[in-house]
Amino acid sequence: MQRFVNHADFIVEDMMKGIEKARPELEILSENDHVMKLKAAPIASKVGLVSGGGSGHEPAFLGYVGHQMLDAVAVGEVFSSPPAQAFYDAFMSVDSGNGVACLFGNYAGDNMNVKMAVDMCLDEGVEVKYVVATDDVSSSPKETKEKRHGIAGGVFMWKVAGAKASQGATLDEVIRVAQKTVNQTRSICVGLSSCTIPAVGKPNFHIDEGKMEFGIGHHGEPGMHVEDLKSAKDIAKDMVKAVVDDLEVKADETLSVIVSGLGATPIMELYVLYNDIESELQARNINIDKVLVGNYVTSLDMNGAALTIMRMDDELHELLEVEADSMGLRV
Amino acid sequence: MKFTNQEGIEIVETIIACIQKNRDYLSEIDGAIGDGDHGINMNKGFTLAKEALTGKENMSTGFQIISKMLMSKIGGSMGPLYGNFFRGLYVASKQHEEIDGQIIGEMLDKAYDNIKKISPAKVNDKTLVDVLDPAIYAYHKEFDASQDVNKALTEMVGASQAGLEATKHMVAKLGRASRLGERSKGHQDAGATSAQLILESFADGCKKLLR
Amino acid sequence: MQRFVNHADFIVEDMMKGIEKARPELEILSENDHVMKLKAAPIASKVGLVSGGGSGHEPAFLGYVGHQMLDAVAVGEVFSSPPAQAFYDAFMSVDSGNGVACLFGNYAGDNMNVKMAVDMCLDEGVEVKYVVATDDVSSSPKETKEKRHGIAGGVFMWKVAGAKASQGATLDEVIRVAQKTVNQTRSICVGLSSCTIPAVGKPNFHIDEGKMEFGIGHHGEPGMHVEDLKSAKDIAKDMVKAVVDDLEVKADETLSVIVSGLGATPIMELYVLYNDIESELQARNINIDKVLVGNYVTSLDMNGAALTIMRMDDELHELLEVEADSMGLRV
Amino acid sequence: MKFTNQEGIEIVETIIACIQKNRDYLSEIDGAIGDGDHGINMNKGFTLAKEALTGKENMSTGFQIISKMLMSKIGGSMGPLYGNFFRGLYVASKQHEEIDGQIIGEMLDKAYDNIKKISPAKVNDKTLVDVLDPAIYAYHKEFDASQDVNKALTEMVGASQAGLEATKHMVAKLGRASRLGERSKGHQDAGATSAQLILESFADGCKKLLR
């Protein structure tokens, strides 16, 4: 395992210390070393925004703590939900008396831990509501789409909710736009090779040379199918079809788009892929609003890419236009 | 047949040692249809618990320490699930100086109830419930019939093994493996594996002390 | 070779089209499809800023075209200097009558092509001056440091010169700050595994499992030595020593720092490494001004990291503070 | 002994085919102490030149097309170096309808001079100069002595092979390999390899036509 690491069991702690040192706007919560927060939070009369999840997806989740973005993030071990205590501490640390919105990714562990933490906050009189991102179309069929996992679509959710909260919206308003984002967002991943959890030390799964896994999950969960590695153009076609069909996007509608690398994919190739994705959307007469191409939500050193689309409307367009300043996204 | 809560701390140590020993095995099983970290998650929590033990604990407070470490430090699914499980073992035994077959049964019930409170998992969903449910049922069946705690523990271990084996033929309904659908068949469940190890080392620990 | 690609021989063209579509502020020069320019350029009464080099280092070089950054970039094939014609077209496309500064990386091919292009511009009455980055301390001994290659240090050069040019500085002033940046900047790379040129299809070189190559070049040029893979802490120590000693940084001096991944390194690990780099600088009583951690200058899918330091003074500090907006750097 | 500039287009085609055939070989050699792309760079340029040939060129304008493609499309070090080399072959021959041993000598000189103009490379720096310099010297030595162009071309090829072989024992002073210092020894230089191939196929092409 070719890694920059001291002790693999403490890679998350070491990373958090490095981020705290590199980013003057951030701090590790003094009461809990698995919570990263904006120094400025809690921000007076603003709803607190929190996310959380396993590590290994950097810049998600902690890279989206920032101005007009999240106020704090609960940080789990690699690919593992943070404990309830971390969510609780994150919630409490950013509440300015206006309540807290927790916007996370719908994995079983996160669900249990968030719910326990929400209960703990209620006992202290702090109101926390939550929205779960369910953008990964390959993680469950459409009939049970509430079971789907959240992946790169979270970036839109955090951006939109962060903008809304910064405008002084109430908790219910923030929850509403976050839920709307989720309803209008879909993602799909393609994996070209595996990733290695540092503490495990060997690849999590395997993709044969010359093959690709369509619909792979963000932790290497098996996808819809394994097939021969296609050209970027054909992969783009399949990815666009998967998300556009599921969201039932029609001609003349407008989407915003994220193409995110999964960790080890050269940036060059993300743009090669985007070139073909854009052509494919053009061919369907679909308009494109905002475009983000880069490493937004990764899976350690997995080689692969995710496509995320969000159906736009005036409200979402305006909220995407608001400035945001975080490690992972600056617009 | 009984043992003191004080002596029972050995059971806590036996369970911790068992999880530590099976770190890689559990991850390997999780790797087949999950994300390959089950052993890491479990080992980290139980190792932190071991380090937190001061030497002054009895069985109950030992289980309490495991519970606290899992809940506050581990997260994942295992933090809340096993955190609540061990809290049940703690709560149902903490007021007893001596532990007998009756109390062991209550401990197992409380631990399992706590899991049911936070998880929607039912039998046949391919989770740790598929070990816990038949094993604890078997314990009660035998103990009710014979009042022989040793025999009841043996029955429990046997049923846990059968329950674990049965997960191989199930389709996962919850957790990461559920997205595999039919393809999750043919693989043993990771959480069920750790549950089986925990019940078996719990039984072994009890049997050594029961006189 | 597990890649998102159509025809490997046209990966650069496909990437450029993707970038043009994704970034509304950029355009491919109509006369030369290997030049990416800022739509807004030439900018009236501003010195034009150009860089160029082989592809595969994205976001370098074309990702640094942007406001208060570069005006255009000549784009070569993967790991290969752009032709003189591309540099010439880039120069001519951004000249507003105030001359052009070409800031590039001192590889043999780039040197020959830039010089040929500069001559061609002279024939047209357009003045082009150039500065070569020479930050890679492992590429030549100190006695022949003018032979050293430019790597991630280029980011500081482009940022500083871009800020200076945007303030209306003359060509000579821009050249002066760019050269000062070069004089005060040093970098070192550590490679953990190889990279694959798409058109070649197999790894360019080889690093054994459990080994690391200290001082590796940005195209896999052999480094100073191969040794057993060390802990992040020990690697950080060696990297800091290499650059700090070469630049003769003393206690109480102030540096700005870049930690750049080489392409396939998880972001998590870049922060683990930065954590140890910061500790090492602290231990030497060296102050830290700006910090950039991310993928700034990469080498396709190489697993590895580069450390760049720049000795700060008031002028450089002020120029780093100026806002900049490009694909690769937004501050 | 001579041939017409018109017939000479065959030499251009021979050289192009030779580079295309050796694409992978040249990259492999560059991989040892360079970045492994020399064959790709060369092949791309010569293939573009081949596509640009209209069928109406003579030897001189054929070389001009190679030169233009290398200079405007290829870049790298090879674009300017070989671009200038082939421009030399073009310039020194373009006014001649018939090509003889005298003119071949002038073509080689002009091509080599053009490289010297833009590159600081000297003999023993482990570059293409280590093939060009002894080979062109050998051509003149033999031609001056015997006025036998075939013999002179044979001498040139022999010296080019010896020059190439000699690069194995040199320490690279320029280009990417130079950072290897002593460790660049033991490996043949990539640019010298392509230069040898070009001179040899140039000689072969001439010999076929000379009568």
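Think of it as A, B, C and D in the order they're written, each chain with its own count starting at 1.
To be clear about the criterion, a contact is a pair of C-beta atoms (placed from the backbone, for glycine too) under 8 Å apart; a residue touches a chain by one contact, two chains touch by 3 or more.
By chain, with names taken from UniProt: A, C = Dihydroxyacetone kinase DhaK subunit; B, D = phosphoenolpyruvate--glycerone phosphotransferase.
Predicted model only: the values in this text are computed from it and were never measured.
*Asks:* Taking chain A out of the count, group the remaining chains by whether they are connected through touching.
*Replies:* Without chain A in the graph, we get B | C, D.
*Asks:* Identify the chains in contact with chain B as well as chain D, in label order.
*Replies:* The common neighbours do not exist; no chain touches both.
*Asks:* Quick check for the class: compute each chain's Cα centroid; which one is farthest from the centroid of chain C?
*Replies:* Chain centre farthest from chain C's centre: B.
*Asks:* Can you work out the whole-Å distance between the CA centroids of chain A and chain D?
*Replies:* Taking the mean C-alpha position of each chain, the two centres sit 55 Å apart.
*Asks:* At what distance in angstrom does the C-alpha mean of chain C lie from that of chain A?
*Replies:* 29
*Asks:* Where the CA atoms of chain A average out and where those of chain B average out, how many Å apart are those spots?
*Replies:* Result: the chain centres lie 33 Å from each other.
*Asks:* Two or more other chains in contact with one residue: find those residues in chain B.
*Replies:* Residue numbers touching two or more other chains: none in chain B.
*Asks:* Which category does the touching pattern between chains fall into here: line, ring, star, complete, or other?
*Replies:* line
*Asks:* Touching pairs of chains, all of them, please.
*Replies:* In this structure, the chains touch in these pairs: A-B, A-C, C-D.
*Asks:* Can you tell me which positions in chain A touch chain B when the two form their complex?
*Replies:* Within the complex, chain A contacts chain B at residues 9, 54, 76-86, 107-109, 112-113, 115-116, 138-140, 147, 149, 197, 199-200, 204-205, 217, 219-222.
*Asks:* Across the complex, what residues on chain A touch chain C?
*Replies:* By the definition above, chain A touches chain C via 1-6, 11, 14-19, 21-23, 55-56, 58-59, 63, 192-193, 207, 209, 212, 229, 231-233, 235, 263-276, 278, 291, 293, 295, 298, 300-301, 303, 305, 330.
*Asks:* Quick one: which bits of chain D touch chain C in the complex? Just the residue numbers, please.
*Replies:* Listed in rising order, the residues are 27, 31, 33-37, 40-41, 44, 70-81, 118-119, 174-180, 183.
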